[in-house]
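Report on the structure given below.
Chain nomenclature is as follows: A, B, C and D, assigned in order of appearance, with residue numbering initiated at 1 for each chain independently.
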Amino acid sequence: MAELRTEELTINMGPQHPSTHGVLRLVLTLNGEIVTNVKPVLGYLHRCFEKHAEAMTYPQVIPYTDRMDYLNSMSNELAYVLAVEKLLGIEIPERVEYIRVIMAELQRIASHLVAIGTYGNDAGAFTPFLYCFMDREKVLELFEMVCGARLLYNYIWVGGLSHDITPEFITKTKEFIKYFRPRIKQVNNLLSYNKIFIERTANIGMLPQDVAVNAGVSGPTLRGSGVKYDLRKEDPYSIYNKFDFDVCVGTGEYGTVGDCWNRYIVRAYEMEQSLRIIEQALDSIPEGDVHSAVPKRVKPVAGESYVRTESPKGELGYYIISDGSLNPYRVKARSTSFCNLSVINQISRGHMIADVVMILGSFDIVLGCIDR
Amino acid sequence: MENIFTQWFGDNLLTYILIPVPIIAYVSVFALYAVLAERKISAWMQNRIGPNRTDKFGLLQTILDAVKLMQKELILPSRRDNLYFRMAPYIVFTAAFMGYAVLPFSSVFIGVDLNLGLFYFFAITSIGVVGVLMAGWASNNKYSLFGGMRTVAQIVSYEIPTALSAIVVVMLAGTLSMQKFALIQSGGIFNWYIFGGPGSPIKIIIIPIMVVSAVLLFLSTLAETNRTPFDLTEADSELVAGVHIEYSGMMFAMFFFAEYAQMFAVSGIVTTLFLGGWQSPFGELIPFLNTPVFQVFWFLAKGLSLVFVQIWLRWTLPRVRIDQLMTMCWKFFIPIALVNLFLIGLYIIFA
Amino acid sequence: MGILNKLDNTVEHFESGNIIITSMDKLLNWSRLSSMWQMFFGLACCAIEMMATSASHYDLDRFGIIPRPSPRHVDIILISGTVTLKMATRIKRLWDQMPEPKYVISMGSCSNCGGPYWEHGYNVLKGVDRVIPVDVYVPGCPPRPEALLEGLIKLQEKIRNQSLAKHTA
Amino acid sequence: MEITEIYNKLKKVFGDGIGDLKTDLPAYPFFFADASKINAVSLFLRDEESLQFDNLSCLSGVDYDKDNLAVVYHIYSYALKHNIVVKCIVPKSAPVVQTVSDVWAAADWHEREAYDLIGINFEGHPDLRRILLSEDWEGHPLRKDYKVPEFYNGMKVPY
């Protein structure tokens, strides 16, 4: 019998593909259904954030940071504003810090809900996706109450906030917490502990600890590998050191530590911790004026600052160089998904196409954050 | 019993032309409204409303969808395999509809009561695979090729547990005629094969076997119709739209309708084999409920409930992976079906 | 090969008042506007609002709009977000792959005109209408779901006024 | 470990390869490293028992001043919880820096980005291609003297 000729198949996934979470393109090399190589092609959403930042004044950059990682705008604003404040060296009223933490944690919940929902969608379960969006809508209502916007807020200003929160917001947030606790369990029952879902995600895409740290992977993706590293605890910024919460890590309840399921479940656990932080912050929020420290003109001295924060997706850093003028000389965003995604080739080799989708989903990438 | 059309018009050509008419009418209406039902049920499950702008409750939604699809441009990829590309939707569509020929809708109405009815059904639904493979190959698209190959692997594998669990009933009933399966299970709900079929009280011992067989048959037919959790042919999140990625307009609609037509066909098989076919669950207690018209009602009610379960599963469960699907078939379904078969054989010999 | 394309050459000479044409128009337009299948395709921030619009709270399925992943099955494409120069050629190709009749909704400032990236965005296409024809522009950054719904209803109105006999737009 | 201790340690090993420690600016103090020795410096930072800089948080390319480009490394240690900032300065005429992607995998894409947007060549990088912009893009947009092209692939670029 003549020898059968076999060759590897190259398949192009994206930029328009239902499960690349935007406009990522993956060039897969396949041996049958087995993936032998993954080549991510980025830049389909490169919106020149860094160029814009150089052309704008410091406060004008904040809306662009919103649009960078559009699923967690508040955290982006917070990180950027912290970096600018560090350059300016100003003191922030305590009330502002509390509100910022509340917003950042609410945003974490909203972002994780999208992550969980779309992950379910990647696995083929459409219903959990809509359940998550229903709850996310409730968080957005809270945001809308304080700043009038649903998605991109421009809420956190250098030195303060655009609006103070109202007593109504506090009661509504408390109601939300009461409503949301059982909902986490519901989503967990529907998706996280579903037998098929566990089969699909457990033991898939193992990311060893040393590889993760070396590749700069951060956030739930890193903690899924069992590294107990959360910047809110390790290098507390804002007033996170005042709150009592646990850092969730993948425990290998199902599968092994570092697989997709553990990366996923860290997010589900983290929502619970965020609720705890919000509760504490709401209970102890002091009175004050949120505009008192807002500078008339943001003009820092020449110098540079780098601030890392724990955004829902991981370590989000802003590196700002000031030349003493009104515009930043250089702003570099150390975006989370950019670093997290870079390990995809390494960990998806040898898996199947369906697994690549699951691995990609478990990073919770946002293309606005990757391409900037 | 004679087919009602034969009773009315005698055994001539006219009868054979007329018999398919109600079936085709039913399948068309069912396929249209199953799509709507799927959208409505999923909407209720997800706290939505579902289509409601076209007529009351969106009743015309799928009809309008179909009219729209007719208007759509038929795009033929330039590097297609022309013959296969055009043929595939028709083959899939025809195969799905031909299965209906042996579904006993009532004691007086069946397309054709073949003495090899069940065998015919399995044979004819397998032809659909050929169509899917053709579509996958001829589209000249890597995603559709993957979809096609997956489907073939999947359906060919799942034929085995399907047939094995059906054979359990065949052994007990001693026939392959669909009409006879239904006839044998007369006398109320406890004479259905899922409860061991008619016979002496000793049949209680085989009830677990029969329930397992029924579930196996239902799950394997689910896999054969490519519904979630086994919808690897389409697999939105991996293969975009699988085999029909390159089909537009009416050609796509044919795949779409074939899928829904097949949903009821396989439910009909499960109903006939295990749930008493058109038999009323009350048996002879209320003879009125076992008249031919009500028999149609019972058959449709049972079949549609199973269709509902299919929809329900689709919107609840995630999708399995192709190797897990195969593992499930070869390592669980087939051994279990074989054990069932063996136990039923023992039962027949000794009871 | 859709009916419309075939009729194109033959119905040129009909007056617009013909009763067959008008009632046919009504049916065809009604079917087209009430089953606008949408491309499962998101670009940037607006895609999240688009997802929110099709999710439970706003529910696009009410209008018969369901997302389909393959461009061959869809009627409308929502350009939801910033179109970069790298993406522009891909969007053009996606649009080419869609079967006629097809409609484009440009959602959000970015795809309308470049949005906040109009001045310094060296890699941003200033308006998707430089690449593909747009039927409805929805302003906002990002537009609220209500605004998107309004845009879809505007598109439905546009379709409702199309006719076999006379060529509009 | 304090930044001065780390600095002294490095200075002892690499001598002239390490520039002066600057502490007068706000935020972190930093020092310059020789662009042709940065790989060895990084390897030392990572593997030295008392330093254990296992995480490269950020690598930024900067259009530093009129004649120079710079690469800024923000390096952290997960284990020992200290951090340093290292800068490499290279002239615009010959912007070549040694790669650190073999030391920290995180640097791989960051270096590609710096190459793409600033135009710094990383010597020894395994796959130095444009990452964000198209392959056929001309110029490096984050340079201060960058002029936006009028047309790209037939599409008008300015508004």
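By definition in this document, contacts are C-beta pairs under 8 Å (C-beta built on N, C-alpha and C of every residue); 3 or more make two chains touch, one makes a residue touch a chain.
Everything numeric in this text was worked out from a predicted model, so none of it was measured.
Relative to the C-alpha centre of subunit C, the farthest chain centre belongs to D. Ranking A-C and C-D by contacting C-beta pairs places A-C first. Between the Cα centres of subunit A and subunit C there is a gap of 31 Å. Mean C-alpha positions place subunit B and subunit D at a centre distance of 62 Å. Each chain gets a centre from the mean of its Cα atoms; for subunit C and subunit D, those two points are 45 Å apart. Centre to centre, using the average C-alpha position, subunit A and subunit D are separated by 25 Å.
Each of the following residues of subunit C touches two or more other chains: 40, 56, 69, 86, 119, 122-123.
Among the residues of subunit B, those in touch with two or more other chains are 46-48, 236, 240.
Shared interface positions of subunit D, i.e. residues touching 2 or more other chains, are given as 132-134, 141.
Listed by chain label, the pairs that touch are A-B, A-C, A-D, B-C, C-D. Of all residues in subunit C, only 39-45, 47-49, 51-52, 55-57, 69, 71, 81-82, 84, 86-87, 90, 94, 116-117, 119-124, 141-142, 144 touch subunit A in the complex they form. For subunit B in complex with subunit C, the residues that touch the partner chain are 39, 43, 46-54, 58, 60-61, 64-65, 67-68, 70-75, 236, 240-241, 244-249, 252. Those residues of subunit C that touch subunit B in the complex are listed here as 1-5, 27-28, 30-32, 34-35, 40, 56, 59, 61-64, 66, 68-70, 72-73, 75, 97, 99-101. Contact residues of subunit D toward subunit C in the complex are 132-134, 141, 146, 148-149, 152-153, 155-159. Those residues of subunit A that touch subunit C in the complex are listed here as 15-18, 22-23, 43-48, 51-52, 55, 63-64, 67, 70-71, 114, 129-131, 133-134, 136-137, 140, 150-152, 367-368, 371.
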